[in-house]
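The structure that follows is given in the form of structure tokens.
Labels run A, B, C and D following the written order; every chain starts at residue 1.
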Amino acid sequence: MKTTHVKEKTKIKLKNPILIEGLPGLGMVGRITTRYLAKQLNAKKLGELYSPHFPYYVLVNKKGSVRLLHGTFYFWKNEAGENDFIFLTGDSQAQTIEGQYDVAGCILDFAEKHDVKTIVTIGGYRKEPEETPKVIAVSTNSELLKKALETEALASPAGNPIVGTAGLLLGLARFRNINALCLLGETRGYLPDPKAAKSILSILQKMLKIKVDLTRLDEEIEKSKKIVERMREIEKRRETYSSKMRRMEEERITYIS
Amino acid sequence: MKTTHVKEKTKIKLKNPILIEGLPGLGMVGRITTRYLAKQLNAKKLGELYSPHFPYYVLVNKKGSVRLLHGTFYFWKNEAGENDFIFLTGDSQAQTIEGQYDVAGCILDFAEKHDVKTIVTIGGYRKEPEETPKVIAVSTNSELLKKALETEALASPAGNPIVGTAGLLLGLARFRNINALCLLGETRGYLPDPKAAKSILSILQKMLKIKVDLTRLDEEIEKSKKIVERMREIEKRRETYSSKMRRMEEERITYIS
Amino acid sequence: MKTTHVKEKTKIKLKNPILIEGLPGLGMVGRITTRYLAKQLNAKKLGELYSPHFPYYVLVNKKGSVRLLHGTFYFWKNEAGENDFIFLTGDSQAQTIEGQYDVAGCILDFAEKHDVKTIVTIGGYRKEPEETPKVIAVSTNSELLKKALETEALASPAGNPIVGTAGLLLGLARFRNINALCLLGETRGYLPDPKAAKSILSILQKMLKIKVDLTRLDEEIEKSKKIVERMREIEKRRETYSSKMRRMEEERITYIS
Amino acid sequence: MKTTHVKEKTKIKLKNPILIEGLPGLGMVGRITTRYLAKQLNAKKLGELYSPHFPYYVLVNKKGSVRLLHGTFYFWKNEAGENDFIFLTGDSQAQTIEGQYDVAGCILDFAEKHDVKTIVTIGGYRKEPEETPKVIAVSTNSELLKKALETEALASPAGNPIVGTAGLLLGLARFRNINALCLLGETRGYLPDPKAAKSILSILQKMLKIKVDLTRLDEEIEKSKKIVERMREIEKRRETYSSKMRRMEEERITYIS
């Protein structure tokens, strides 16, 4: 395999589709959000994106077969609304600089082919989150940004970098006449963070006028809460230890000087 | 040299050939197994695979000449059975991400050219092995997997990654209508591990209905056993030392707090 | 995006234009100088340089939109003089070896298209600067070098390496029949260094017979002076600490031996 | 610049030319040898090799101009002998895996164009050298190897790797019907090592039936001897210090256990 490409799994005509992208990244926020949406809406597979810039291993699946790392496009026919949806999630982001630009370009080619006029990219934003993680919004289009800020989303400070596919898609969309919005959920980023995903889902439901059941996500949040608590305890102990060591060191120096 | 390519050494028509691949990797299990098979069956050279993604050095051979790092294809005419065999082993795997995909693609091109319908890739699986190392099997084809599991091979847990050429060949074979099976022998992975190779050879002989003499492999196993014992002793001593250091550190802290 | 390219923003005929390049680098000297010049002369946007070799993130701007990292060409119609000017500054340099050569080549293509016959590249030179940072000059053309040395610029010792775009443009200009001069301002290099930029601006004004107001740059220098002072104090304390530690260590050794 | 290429400086017909290559590497042995030969024989510039795989900086030369890193081909018309000579030395080797293969391929293209039938590559071999550094020889051609071994050169143990251009040229020469010999001088490798170069020059003079004055090389050897002595002293002191520290550590442990 020499080039990044999409293998289409079905031929379908979509109605003013909006592409929602969430690949693995900080706190897995993008991937959790997009997968959850696709699953709850019972979205169907549209195609698979393969690239020689993904890591060079395969994953064993439940049936004892394997699969190359890839991205998956799903589609959902939104009978009640104006826009159908395409979802893109996957196993990995590209591993090299040039690969990142290449994969983002390939995603946009596929979007253009399906007449996508709006893209929403989702990711994490490293920050000790408050009780309910906040969501930061940026957009290539002021209308779209305004719409996001009318929900709970907050404007981003200038100078902020948005790393990887979620950012590049916005940067490159401008050259394709596609409007793009990026939503970043606050997350510590160390562990998969379904709570940040929930904050984003809340905004997406309002903006896109869709409705999904969040029960199962709440279950995930409960589970992850326990893991985080355990990790915090470990951290606290380590800090206590470090401060003791530091004190000890300072005393030694005081003694010598 | 700008592209990965195969230099064919002989023109030959093979009968429903099966390709068995084992390049250097964890515990050298793939390479030891495939080389042993090719040698015992007196397989002949079919071609050499060169690539600008292999490391940039040459190796001096016995005659004082050198050779570029490369892969070697061998063939064996299996007069008694239904399938002839192609073996692929070599000096190295590709050193870059894109190179790994490129080399795997080139191997599959060559396989297709020879009408290969089945590939078996061989590698190591990092685990402290039991007395007889176990073998894990995964396959792109449920029939082939079933056949492997009817021998001593075990199913792999889902989510397992298979790194490098042994994995990519399976992942990419799916797009070529080639069935592929991967056999991974348990190994500590630090040293060439002929014992893991033996476990795999036992399975291959049953599955492929071939018979090879294992005497020389047993000799290799004896030799490597001694090396492993020596290394374990060194490790044990280091652990004793580390645990003393840890205890010492803990006492210091207890004292201070 | 697969290739480095320039998006032209306007079609304009320039009169014997001189290209002045300053991308981010040591002490940000090139970027500060070139941006300051372009701003003070009220230069207009000529084009944007995009490349898959730039880092794979986007930056949020003031309006809550984002931009891909890129270089920006500005032009200034110098009504009073013989030469119009093109300025190139930007967000980043290419991140890979091959990318550096590629981007420098693309800049020269653009320069040739606009009939540029002279390029001035600007950068930093790591050295504890004196009260007024000195400026080192090298050139592909002895006339141009002589002109620079007739101002306050100093000749460079032989063997000095000039890293990145500022250097490669000179190296590659030779094959395009373009004369190129590189001016490097002495800088500690840790922080954006407007003082080094001022030394270079002083030379550029004489050489290119242009005149810009330096008031705002002096303000920047005042600000950065305070930051440097604070950093020096921190460093001093660290050194005191280290020398104590070293003394302590030496005493221990003396005691043991 | 996107491709590795040679800029020819002169058109000349050479008589059965032999190419001698020595780029920077271990102990700079290849470069010192080849430069010395070219200089003593008063060889003339034949061409320059440029590549986007060389490091991305330029070097300032004595006249205050700069040059891109490159390789330089020189030629020498050997009126008295059967073979003219081409020498290749330069500033750097390629910095990436694929770049190494690409540059070696470009050198061989140039060699073929000039009907080169024999190549000698020169490098260093890491080993604490004896009073007179030994030289290891390997060759793609048994005749050529035999000739080398009839001088003071020694055969190489099998399995030895030869890294970089000196090795790849041999590996790739085989596909071009060019015979190649590699001579590696024993060197500690830390510093430019004119003594290893002298050992190789002694062999080259016999094999190639050429004669060069070694006076200036002897001067270099004297200079480098002093540097090595100083470095050894520093090393010795460091070792003394380390062994003290180790003893101290052991005593502590003994005390605790």
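In the analysis below, a contact is a pair of C-beta atoms (placed from the backbone, for glycine too) under 8 Å apart; a residue touches a chain by one contact, two chains touch by 3 or more.
In this text the structure is predicted, and so the values were computed from the model without any measurement.
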| item | value |
| --- | --- |
| Farthest chain (mean CA position) relative to subunit C | B |
| Type of subunit C:subunit D copy interface by residue overlap (half), same or different | different |
| CA centroid of subunit B to CA centroid of subunit D, Å | 36 |
| Length of the line joining the C-alpha centres of subunit A and subunit D, rounded to whole Å | 51 |
| Multi-partner residues of subunit D (each touching 2 or more other chains) | none |
| Arrangement of touching chains [line / ring / star / complete / other] | ring |
| Subunit B residues touching subunit D - in the complex, by the definition given at the top | 1-2, 52-68, 95-96, 99, 241, 244-245, 247-248 |
| Of subunit B, residues touching subunit A in the complex | 97-98, 100-102, 104-105, 137-142, 145, 155-164, 167-168, 170-172, 174-175, 182, 253, 256-257 |
